[in-house]
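One chain, chain A, links the two complexes that follow: it is found with chain B in the first and with chain C in the second.
Up next, the complex of A and B:
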């Protein structure tokens, strides 16, 4: 008995065990339970379908949904086609994003290209625009009045050029827009692979008389290929559940991917079908992540920062040094600035499709409500529209709260993982915090919708509350925050903490005086990424918001559905503005070096 | 009464045994040094004493209080043990100034007292005036002194040190050894000191423990460990110059016969004779001049290695085995010359060739 009490007492006095167990319990409830819920729902007869399933009651076990998705006349249209579309898009956009990202990484890390020091900062600029915002801009830029039901776009209005419909809707624009959205991601992964190349390897080969080509083939590629392969797989996995872009660019053309198909099913009340699709998306994502760990092999995912600054010899570009540099910067500005300009132009047009300056108006920004407000040009401009202002305030509130919570929870999880290295608590927590990475946002939204629609145990029905949005966003942002927290905690030697323990400092004093000050950079990076991604996220919240808890991205979606194009574009620009101002303020307050957080 | 007592203390990591059950007692005022190659368990023992590592079994007492008991699973945390620890990598908090680092353990005391004690301690370790610098702005030696000051400022009765000098350059290390030794003498503190550097142990310790693979290889005063190593491992680990071995046969009469040399009966005590042995000789025990009773050894000089203050010669016996000889600076030896060496039989050591343990009879 004493033995047990003493042992328990020890565990209760070991902070990383206490925090670790609490986080595991919380995540089991917030991640594992929903996961189980999806599986269970896909095998359970739903109220809406009871009549169609032979001998079934509500809640009884059934293979109906699996059969319908996998072996019925519906399979081709409801499952195989979206699956095929998803894989096609994911492969092609990943290739494109890799080509751009790896190219940029090689140019900045291994050549003497002009302005290459500016690239790491500039590359983050397109990141402030939500991916579906670029999709909206794409439509506005290329649509033409030759397409049924569409007004003229910017291109047609200014040049008279019209493009075929497949350029505006369907797989082609989805691939391009996703590539624009993800090349920064592949760049960051590839750049770290190139940067981790030790110059001495290069020099050693050169001393043995190897040519540049031979060095590339025998040294650079073998060393970087696992990392590049991993970048490919991670980017690919992100495409499997992507929702926003195919929703805006695919659904009008009845071009469905798994995620939009799932959304469609839920909106039409077919939860069983939706969750079968959800399981497929999760399964595909898990397989890719598993392949990723095979590719990376036993190499450690975190490389510790060494003080040694050995720059590899740079490939000279000769007289192309400056032109290539200018083209690179031009490209980055193009993908960041042009979409914004196009969106802003549309918000200034009084009639959709009429871009001539004499018809420009600020009504959609600062106009006051006019009589007969069933038409969009009679509603108030976004700054005087209570619906939009409430959503803006909700978005800011959500972004800040999620950013703060996720930064600290990520740091605490990182503390547990780094301190309990090798123990089962650390490993379980590491896995649990990563799990949301393979659950696509729209699936998460769908699961939380069904799970929190009724009260569960001590937890009241959370549907329709702001708290639900906070919870789902925190969980979804956790993989990144926990990884970032782990890597920043790993860089704090355990001795620094032990030295404080020896001086009788308690857990809170150690956190306040030692660990948080030393991992400040990691905390702020966690905050900024939590904030930015939450403010931009459409897929996660689209199924969970209600008029009172609405946030800006979901509002954009509903304005687009209603055809209120100026409003949806103005709201998108407002989101970008919030992201920029929020990031700027956070950087000012923290003086965080953004690029070093990776 | 002992300040620190370990009884059957053991540490396992999974199936790996880091420290086999050991008994140790550190007396008040000792400079107690644990020395051994990396991975021998010395740091684990120190961390178990500090409370940073939890033993797997055994009993650990500090100042008469039971800190760990494997049977009851009683465990007292490091913060309640009244011990101070200097870390190998200093573990200075990089975001705090020297003053803040040193004052950390004095939290809660009056400001004036903190200021006075920090100032005084920095003077003791000779870095007065650096209060407002950050650790990153200091040299390695200065950082080492800050780390020491941070532990000294609370005036702990027991100071634990984990390889504190291993990151300093050779010259600074010698200075710091002298200073630590003075500090120990002046304060009368009990010091438990871990190092992989046998010279540090020999120069500073009052008691040294040589560890190997989680077990105690030998415990005793530095003089005893150096002159009567308990095993070939200890003999080779301790000492600056390589330890010489010669394979030989120990006769039943105590005579020794090797390849190219024969020593008379009763060179060793006859009991336990009639077996193969490894003869061990420290390089400085080989002399160029014989005194009464010295055993001769015919050799040929292979090479001469002057080292400034002394010269080392490599000599080959007729059987082909090579020995290192420390030659005093007034003697001259030349390569390829024949040389007769003389050994004081009292300084001869004999080991079991199979186990490497010292022969009790030797």
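Up next, the complex of A and C:
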């Protein structure tokens, strides 16, 4: 007993342990409880289904939903097909994103390609466009009036060329668009792998007369393969729950993935079915992450090989140096700029599909008149539409708040993990902050929907409040922020704190005067990532917003669903503008080097 | 010492929570105060309601049509000082969100304006979240079937449409024609998983299975052989083998027929028919002699949300949307009122051959029909 009290006293007197324990308690409630909630719901008779389940009352135990999903006429279309589609898409887009990302990383890190110093900045440009925004642009670019139910797209309007339907809807465009969205992610992971490569090994091999090909095959690849494998798995895991792109590009082709099936189940009141699917998505993601830790575990053996760091000898590209550089820059601009141009063009058309300049209009941007009485789909321009402006304000507010909270919580978590290295509190916190990475956004939204729908003990129902959006976004963004926080806190030596303690500085003073100033860069990177990803995230909030708390991405989704294409595109462009302006301001204020935060 | 203060505070909080919840008004008390449901007076004093509405100063309406945004502006012009916050939300989304808000104890919406009576019945009325409100002075001009169990603010319908620029005569006259090979890939409709009207359509087809069996025989000259429970399901199954899921909701369907250059049809809502006049946005026409029916008609309901903050403003808005507001902003849909003539090109729904969906049937079968659709789509 006294030992326990002593230990408790020790914990209470040690700031990083107090913070650690509080964070663990909070995260257990926000991450672990919801998980239990999903499992429980999938076995509980829901109000809407009671009449269909023999002998059930609301809340009684049932295997009904599991049976429906796994052994009923619905299984094929409702579960197996979406599962198969999810895996197919995730594999193929990951291969494509890896090919592009690793290729770019190799070109920038290991060759003398022209303009290669511009790549790390440029590569982040496509990243500011939400993936579903690229999907919308894809549709607008390639659709044609030969497809039943669709007007002409940009390509057809200007060149007369029409493409087959499978190019516009279904798995093919989903894979391409996801690859475009994720190659920056694979690039960053691969680039760090190439950068950490010890150049002296290269030099040694070269001195012994090894050919370039042999060096690549025998040294570069074996050393980087675990890191690349890990990049592959992390990218793959992100595809399992991806929602926006398959929602826009898959639905018209009746092509469902697990995440879109889950969404439509919830939309039609089938919580039980939805949560069975949610568990499968989480299960798949967990397995891939588990494989990842196995792969990374192997990598550690390689990283012990180390020596004096020298500048790596760059592979000369010879006369291809400039053309390849230009092609690379061209490609990055293409994937970043073309979607935006296409989206803007559609916002200028008075009638969807009619791109001739004499019909151009600025109505959808600045039109004050509501023409709803004549045309159902002509509201006032987005800048004069109260619904859109409210959502824009909500989005900005959400982005800024989440960015700030996640940056500071990330630093605190990083502080605990770095100072308590080896202790169970640090380890538990490290694991808990990573867990949301495994749970796909749309699943997270679904879980929070059920978790905070009703008051529970002292915690009020948060559904319908802005606070719920903040909480879910902070938790979802925490994995990155906590890692960034850990790495920046690791760089601050504990001696500084000890010196401050000697001078009788309190904990908060140490934080304010020493730790936060020194880790400023990390905080700002955490903020920017929190902000950017929150402003453009559709899947996480689509189930949680209400008319009063609506945000821009959810509004785009509903405009697209209703065929108000100019509005959905204008709102998408607005989101990109907010992200760019926000990032620019944050960088200006902090003078943070964005690309160096990884 | 500090620890004890904290404990006391925590305990207080824990006890105060349920107390605070217990203090909220019951639905019955709210109805009493709002004078609706069983407490609606025989004669309503509209001057007083308007006065109370002005005191409330605001009304929040969720509607499944963007027309509500126009209407909100119109109402604020007519009743300055009463702010309308109007939200245009898709039907299925709205009903789901209203129920969740309500269960979370958040009573945002004062009024909802939406179809889908079976979902209203099962998910909202069951938890007393809504109350049917018909202004007393409208009772005489709205037939009972259009105000019970839920008031119709306006009517709508949906049926197969074609482009009259490319067909002098309707290209189809029997629903079963659309299941034949020549129509493969030339039929567009939405999915009932995201479109309320398409779900109603599917329910109507199954409900009228006998008529489908008879129409089959008239078309093919022999009785139907079933691979599914009845001729309605059989129709849906064969239709889904031929059709494409369109995008862009109801305007997307109308646009699809308008832009089509060939033999092509889509399920299009009647409320867009007003746009087919000279200079309008769309070109489509229905076959009025379609066998076994033109399609399906339904009402867009208007209901008050209980426990909401602005019941009098909600009443005022409801009455206005049946009257002045209807004429100014909703006359593209037929009115449930017997004393209101449709504006051309609209005709009286009752004089055309539309089905209606039986509420009890929809409640009993809706879920199975949706499952069926999902299995075959």
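Note that in this section the second predicted complex is superposed on the first by the 571 of 598 C-alpha atoms of A that agree within 3 Å, B and C clash if a C-alpha of one lies under 4 Å from a C-alpha of the other, contacts with A are read in each partner's own complex, and residues count from 1 in each chain.
Everything that follows uses one rule, which is that contacts are C-beta pairs under 8 Å (C-beta built on N, C-alpha and C of every residue); 3 or more make two chains touch, one makes a residue touch a chain.
It should be emphasised that the depicted structure is a prediction, and the values quoted were computed from it without experimental measurement.
K.L.:
In the superposed arrangement, which partner chain does A:268 touch: chain B (first), chain C (second), both, or neither?
P.N.:
Once the two structures are laid over each other on A, A:268 reaches chain C alone.
K.L.:
If you count the residues of chain A that each partner touches, which comes out higher, chain B or chain C?
P.N.:
C
K.L.:
Looking at the overlay, what does A:496 touch: chain B (first), chain C (second), both, or neither?
P.N.:
first
K.L.:
Quick one: classify A:387 as touching chain B (first), chain C (second), both or neither.
P.N.:
So A:387 only meets chain C here.
K.L.:
On the A-aligned overlay, A:10 touches which partner chain: chain B = first, chain C = second, or both, or neither?
P.N.:
first
K.L.:
Can A:585 be said to touch chain B (first), chain C (second), both, or neither?
P.N.:
neither
K.L.:
Once bound in the complex, which stretches of chain A touch chain B?
P.N.:
By the definition above, chain A touches chain B via 2-4, 6-7, 10, 13, 493, 495-496, 498-506, 509, 513-514, 517-518.
K.L.:
In their complex, what parts of chain B are in touch with chain A?
P.N.:
50, 52, 54, 71-75, 77-80, 83-85, 87-89, 91, 93-96, 104-105, 107, 150-151, 154
K.L.:
Hey, which residues of chain A end up touching chain C in the complex?
P.N.:
Residues 47-49, 52, 73-74, 76-78, 145, 148-151, 251-254, 264, 266-269, 351-353, 370, 372-377, 379, 387, 449, 452-455, 457-458, 460-465, 546-548, 550, 558, 560-565.
K.L.:
Quick check: in the complex, which residue numbers of chain C touch chain A?
P.N.:
13-14, 17, 21, 60, 62, 65-67, 69-70, 73, 85, 87-90, 92-93, 96-97, 100-101, 103-106, 108-109, 119, 122-123, 126, 185-188, 191, 193-194, 244-253, 255-256, 259-261, 264, 266, 272, 275, 281, 328-329, 332, 367, 370-371, 374-377
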